Amino acid sequence: MIRGRVVGRFWATKRIEHIPSGAFLEIEAAGGGRMIAFDVLGCGEEEEVLVVTGSTAASWLGGGKIPIDALIIGSLDEPGKTDKPKSK
Amino acid sequence: MIRGRVVGRFWATKRIEHIPSGAFLEIEAAGGGRMIAFDVLGCGEEEEVLVVTGSTAASWLGGGKIPIDALIIGSLDEPGKTDKPKSK
Amino acid sequence: MIRGRVVGRFWATKRIEHIPSGAFLEIEAAGGGRMIAFDVLGCGEEEEVLVVTGSTAASWLGGGKIPIDALIIGSLDEPGKTDKPKSK
Amino acid sequence: MIRGRVVGRFWATKRIEHIPSGAFLEIEAAGGGRMIAFDVLGCGEEEEVLVVTGSTAASWLGGGKIPIDALIIGSLDEPGKTDKPKSK
Amino acid sequence: MIRGRVVGRFWATKRIEHIPSGAFLEIEAAGGGRMIAFDVLGCGEEEEVLVVTGSTAASWLGGGKIPIDALIIGSLDEPGKTDKPKSK
């Protein structure tokens, strides 16, 4: 999964069929780079989220013809990241 | 999904079977880099679009033997992007 | 899909089962980087092609145990690329 | 598969359904870059692991609606890496 | 597919279930970067190989719960690469 931060939102009135209810949010990945992920949790700007990509995103939404390849699966409680240098 | 801009179009008369009706458009991703996406919406040059990649693209088109791995799923209404620095 | 140019060919006598008839061609992507794609169209060196990647390639070839994840789906008629700067 | 080192852990109380029991661990890939992988082995910080990505991760966990695209499949016994220069 | 060279081997005694018989080999891609691929051909160090990635690797191995996303499908007979500059 990719860890990132919500930085924007997009709308697409002209669209293909079978896009479910939800929002297209722009995510800035923790390591750099941006992507558009589908959101059904109601995430807001600056929220830190986990994004799943690929056909797994469509499968969760019901599979078949659903054309979504990136889905927010959760909002992070707290960073809690540690990165201690490896002791020799 | 990838956000990008339509910058060109390609034709391939010599092709394998099972490619559906539509156009091969060149997309310049918002973060840099280019790819060829399949278009069934009739998008034109300079249009800002969302592209889904992987087997999800083929599934929307009917799955099975359809050899397409990138599909334009919508045209963006407006950028609407915000990127406020995180307040501490 | 990836747009690229055929730059070489490889043979692998020592191989696993279920590889169909065709050629392993080296492709130089338009944006840089190289990959090996499977070819059933008989493409030659310097030919500009479109390559589909992932499980979609195997599905076109029949799916199941076919171990191919990159397939040339067409040969480009002409570049036709335009990249006009966005007018404000 | 990606080889990496566990460098952190994340929690997401606000989450979508169908996430199985396990931990979200942050992995630093051997070649650089970070990702979040799902762990069912009980790996700890600094542990060297192998991570499988894509729909294969969800399939192992039961497939269907499971929204996981990165899974730790093993913990490395020892590096054992060799990289002798190619003799001409 | 990715072309690369075998540069190491890893063992993982602590592992999840459903990993078939074979070896975890480290591959250095021709264009740079390293990955771990599963090997059932008995490849040795310095051998030049082709690697298939994604769910296609698991499908060849039997699919279902097999947690492998990179598989060596062949060993190259000879480089045979040519890269002539495009004549105008």
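By letter and in written order, the chains are A, B, C, D and E; residue numbering begins at 1 in each of them.
Keep this in mind: a contact is a pair of C-beta atoms (placed from the backbone, for glycine too) under 8 Å apart; a residue touches a chain by one contact, two chains touch by 3 or more.
What you see is a predicted model; the values in this text were computed from it and never measured.
Participant: Treat touching chains as neighbours and tell me the shortest step distance from subunit C to subunit E.
Facilitator: 1
Participant: Given that subunit A is a copy of subunit E, what angle of rotation, in degrees and a multiple of 5, matches their CA positions?
Facilitator: 145
Participant: Report same or different for the subunit B and subunit C interface, where same means the shared residue numbers exceed half of all residue numbers found there.
Facilitator: Both copies, subunit B as well as subunit C, present different residues to each other, with under half of the numbers appearing on both sides.
Participant: Indicate the whole-number Å distance between the mean C-alpha point of subunit B and the mean C-alpha point of subunit D.
Facilitator: Taking the average C-alpha coordinate of subunit B and of subunit D, the gap between them is 29 Å.
Participant: Taking each chain's centre as the mean position of its Cα atoms, how many Å separate subunit D from subunit E?
Facilitator: 18
Participant: Among the residues of subunit C, pick out those that touch two or more other chains and give their numbers.
Facilitator: 54-55, 57
Participant: Can you give me the ring order of the chains, beginning with subunit C and going next to subunit E?
Facilitator: Counting round from subunit C, the next being subunit E, yields C, E, D, A, B.
Participant: Applying the document's contact rule, which stretches of subunit D touch subunit E when the two form their complex?
Facilitator: 1-3, 30-31, 40-41, 50, 52-57, 59-60, 71-84, 86
Participant: Okay, in this complex, where on subunit D does subunit A touch?
Facilitator: Residue positions touching the partner: 5, 7-16, 18-19, 24, 26, 28, 33-38, 45-46, 54-55, 57-58, 63-70.
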